[in-house]
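You will see chain A twice below: alongside chain B first, and alongside chain C after that.
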Partner chain A sequence: MSTRPPYLKIEALSKHYGSMAAVDEVSLEVAAGEMVVLLGPSGCGKTTTLRLIAGFVEASAGRILLEGRDYAGLPPYQREMGMVFQSYALFPHMTVAQNISFGLRMRKMPAAQIASRLEEVLALVKLEKMADRYPKQLSGGQQQRVALARALAIRPKLLLLDEPLSNLDANLRQEVAREIRRLQRAAGLTALMVTHDQDEAMAMADRLVVMDRGRVQQVGPQEALYEAPENPFVARFIGHSNLLRGTLRDGCRLRLGEGVEAQLAQRYNLAGDATLALRPERIRLLPPGDPTPARMTLAVEDATYVGAHVEYLLALPGGGSLILHQPTTGLAGAARLAPGSRAGLSWDAGSERIFDASDRALAAAGPAPALASV
Partner chain B sequence: MARQPSRRRSGEGLTAGLLVGPATAIVLLSLVAPLALLARYSLNQYDRMTFMKEAFTAENYLRFVADPFYAGVLWTTLSIALVTTALCLVIGFPIAYGIARMQSRWKSTAVLLVILPLFIGSTVRALGWIGLLGRGGLVDSMSGLVVPGGGVTLLYTSFAVAIGILSINLPYMILTLQGVIESIDARLEEAADSLGATPGRRFWHVVLPLALPGLATGGILVFILAMNAYATPFLLGGARFQMMAPMLYREYAVNNNWPFAAAIAFILMLTTLSLTAASTLLLQRRYQGA
Partner chain C sequence: MTGAGTLLAIPSEPSAVPAPRRARSPLKAAMLLVGGVGLVLMLLPLLMTGYISTIADSVLAFPPDGHSLSWYARLGEFPKFGQALGTSLRIAAMATIGSLAIGIPASIALVRHRFPGRGVLNVLLLSPLTVPGVVIGLALYVLMVEVEIRSEVPMIGSDAMLVLAHLLITIPWVVRLCVANLMQLDRAIEEAAANLGASPRQVLWKVTLPMMRQGIVAAGLFAFIISFENIELTLFLISPGVITLPIAVLQYLEYRADPLVAAVVMVQTAVIALLLVLLDRYVRLSKVV
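And now, the complex of A and B:
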């Protein structure tokens, strides 16, 4: 990031309800024109964070700085933040035009200016013909565009989006997501969006903020979160990861249980409890007779052909299964491993991720010694 | 696949008829029949010996209209009802709004506090007001302490009647409005907030228009209750302060003039009905399209 001060800066923002911290020391910097998505399971504090920024909820501690100005104590109607609500929250007793121009009327803008701005925004969201309709006469997608137009009309300093796609039909979501992105970029708006849907988040964000239990777990672009999760929560929440708990020995042997050991691709400066994260599509199933030495050998429980890949379930010691996705490219007609048979597994150095007992990611200390062929 | 409404089974009409039938019979027996009887009475003549003589005359109605005393009682009743309704709206709305938007665990306690006065009958509450407002009552002796020798007796004034009716009707208004305000999505207010509406303008442009049907319902309910109030004006108004319901009772039970009492009943009912209908029509016109 540049040396320029960030457009939006959130410092140790907290919200306590009694002894419960809904938002726990959240800090974040957002550059001008950036779209940042807050992602997490329900109850992780992402919506409360958004509502703190909008001013609907008063912070227990911390600061919100927009263009260097402290927004603490500023009522929401003076914050100039355009908010798009999950339920759209369109005024049912006003037409589309009245809804969109509401913010302009509240600013006591001259009527002629309101009219031209309204026309401009209606064209932007392609709702010119709907101006005199009432919200209940519109489809869900159209209502969503009115909500967006209403927030854009006031030229907000910050665009806040609270689960904007969750009330839309699945086939409409991608289209609306692209539309929101287009409008946000065209207007050069800085935007903060909240969602629980990681596909949606991955598709729309410049950067993601993964939250859990009121705390920021990791901030970064999509690739960083997927390739280098900083803790097991992020590894499991972004995409899917198999999390294997065991005891690390010699820096590169993870004992998972009775008779099962994973030979890691890299060495780590750690001895003791550790968690190995492996993504299903990054594990290779070694065909019988393959000379590559296996890093781990497990028994096949089940194999299901699902189109793009075959999903294997492999038995782990102490119950639980490891999920493995074997691509079907060039695999047509090949026999699948039958339940009960032993399968050798392998993976690359870049595909394994090790976390210590306190769930911190470990950097590799170097390549592990080569495995002996079996 | 939408089913054609015309293709409904013919049995449905019969079932609906059977379900509505008993209720309709009860309404006919308990409401329409007595009203018809009362309408008939109101056209009869009063007779000193037999009390009522079969006739077909409008003289009872004409007597009410012609005598300024009776017109005055109707006017007093109307003004008390309108003033208490307006006060109920103004005082009830903020309380109802506060309770509707309450999120704490005290919300049910607040609702209970509103309902609690309804457990006590209007007669008992009127006695309470007598103790408060009457000669030697709390207000009298308190003001006597401030200004020596200058006590205030508020009992048997229109003020006493108005405050008595207000205290009885307020819970109905609050409960009606609370339900309506709760049905207004709180997010709408936040949306108005984020679009730059100050609390005052948010109320005027968003909350009030959306609560208007509820204000009408509550207003009509409270207005009807005030128009027909009996115990409160009887006990707090005294002998000189006249309202329709106590007067109607006196004509019926004390003077034994059933035809005139029936006419008063119809005049009271028609006044209330026509005002209620007028206000409903007015609101409906305002709300067309929305």
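And now, the complex of A and C:
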């Protein structure tokens, strides 16, 4: 990393409604040209964060610095940020061309310049033939492109996208997502997007910010969030994770309940309550007769063939189920374990993740002693 | 109709199509009936008035001795009605403009802003609807007499006072319709305008007000009609020189009950209908009301 200050810097940004903190000390740095996606369940504060940046909501505390300039107290119309709204928010009484050129007219740009910019942006979103239509005469996908074109036309300092794909048909989403990414890259725009959809976030982001209850849970690229979640929330929210609560003994034995114990692949400097996170596709089901010692043995509840994998539900002590995905590659003809049978499970050192009682991820202290064969 | 032809050509089970239609038809028939009865009930008074205006006798009797349009020809002998119609149109137009000028900004403030006294303002603007017009009229009359005595400025019977009084009953309608209109407008559209660089004033003139057009037209229409047809409040505030059409009709009916009044009403209806048709050229009324 260079010592150059980040393009956008958010410092301990907070928004309180009464005693409730909708956004709680959010800090974030975004480099120029980067696409950062704020991801989280509804009510996690991601949209409020975006609205704070756009200036629609006044912050209770914290700072927003763009190119080193403090944006506190600046009204939305002086921020030069292009926003794409979830509802598109097109002006219903204006044509596509009037919608797109609105921002330019507000800037008192000369007519000739507006015309050429309009032509350029219309070509960019491939809506040249729709210039004289009204929004209600367009399909959802076309309206979305107008909204995007309108935000791009002003050459914003920051592109803000609030759930831009949520009102589109499922089959259009991927296409539009790629389109947004292409335009953002082509224009070299720095962008901040908000979504609750994990796949969308993974597909579009350079980096992700996972939020929950107003706080940033973890910031990082897709791989870091998936491979090294910093807390159980991220482990469950990004992809799927089985979260097994138990008591850690000897640094490598996690007792889950009556007679069930998981032999961990690594040793941890912790004794007491802990949570083990395991991804369904990273757990191996040991075929009967396999000499590999099992790290854990559970009873099969159900097995469903879903195409790419067989989804197993295995009974956990205390009532829950562990989900396991067994790839179907090279599995043709192999017998599936019947409900009721006992299944030995194994996983690699890199696939387990341990969190302490206060939900912090623990670094391994070293490999666990080798398991004795059963 | 090619679609129907294609459908018929397909040799599918023929009973499958008519069955649901038969099941739905009683409901459809009932709805048509209710709609028809409603339409007749609404049109009947107008049709009756039209019919009465063509009766030749000067005393209403059934069956009439004959029909003619002579009452329309005699309208010219009663310039009072013409003057009253002019007064009504003038007062209603001023009350409409006035109530829009007050009601639109008030609605925007009520819906889009939070300020102390907002609840009180809301109640205040809508409350005249809850007081009978006669009571408001009487109260205003007493007030104006008191003020006239003290200030020696003539008030009763002036256009200005009549318009101010009508504002009391037209503003609640304007506010109510504009508030309803504003509430259904996506707030994000105004935010989008601000985001694109429009100052609050530009947002108002270029986005909010144009988007409110239908609500404003509906509000104006209601205000005009409420003012135009008002009797109970107006009754207290007229003077021999300034009389509105409904009052002129009422006064005429006190002494005579001949078809002339029906002719007056028909002319009035025609004037209003003409105004609506003209208005419809600018805004599709079917979308507004």
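In this text, the second predicted complex is superposed on the first by the 374 of 374 C-alpha atoms of A that agree within 3 Å, B and C clash if a C-alpha of one lies under 4 Å from a C-alpha of the other, contacts with A are read in each partner's own complex, and residues count from 1 in each chain.
What we mean here is this: contacts are C-beta pairs under 8 Å (C-beta built on N, C-alpha and C of every residue); 3 or more make two chains touch, one makes a residue touch a chain.
This structure is a prediction, so every number in the text was calculated from the model and none was measured.
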### Query
After the chain A overlay, clash or fit between chain B and chain C?
clash
### Query
Which partner does A:Tyr134 contact after superposing on A: first (chain B), second (chain C), both, neither?
first
### Query
So, A:Arg182: does it touch chain B (first), chain C (second), both, or neither?
neither
### Message
After the superposition on A, what does A:Lys126 contact: first (chain B), second (chain C), both or neither?
### Response
neither
### Task
Go through the superposed model and pick first if A:Arg69 touches only chain B, second if only chain C, both, or neither.
neither
### Message
Which partner chains sit in contact with A:Arg342 here, chain B, chain C, both or neither? Use first/second/both/neither.
### Response
neither
### Query
Who does A:Met81 touch here: chain B (first), chain C (second), both, or neither?
both
### Query
Which chain A residues come up in both lists, the one for chain B and the one for chain C?
54, 56, 75-83, 85, 87, 89-93, 102-103, 106-107, 150-151, 154
### Summary
Residue positions on chain A within touch of chain C in the complex are 54, 56, 75-83, 85-87, 89-93, 102-103, 106-107, 150-151, 154
### Query
Where on chain C is chain A touching in the complex?
186, 188-189, 191-200, 202, 206-207, 210-211, 213
### Query
Which residues of chain B touch chain A in their complex?
185, 187-188, 190-199, 201-202, 205-206, 209-210, 289-290
### Message
Touching residues of chain A toward chain B in the complex: what are they?
### Response
54-56, 75-83, 85, 87, 89-93, 102-103, 106-107, 134, 150-151, 154, 160
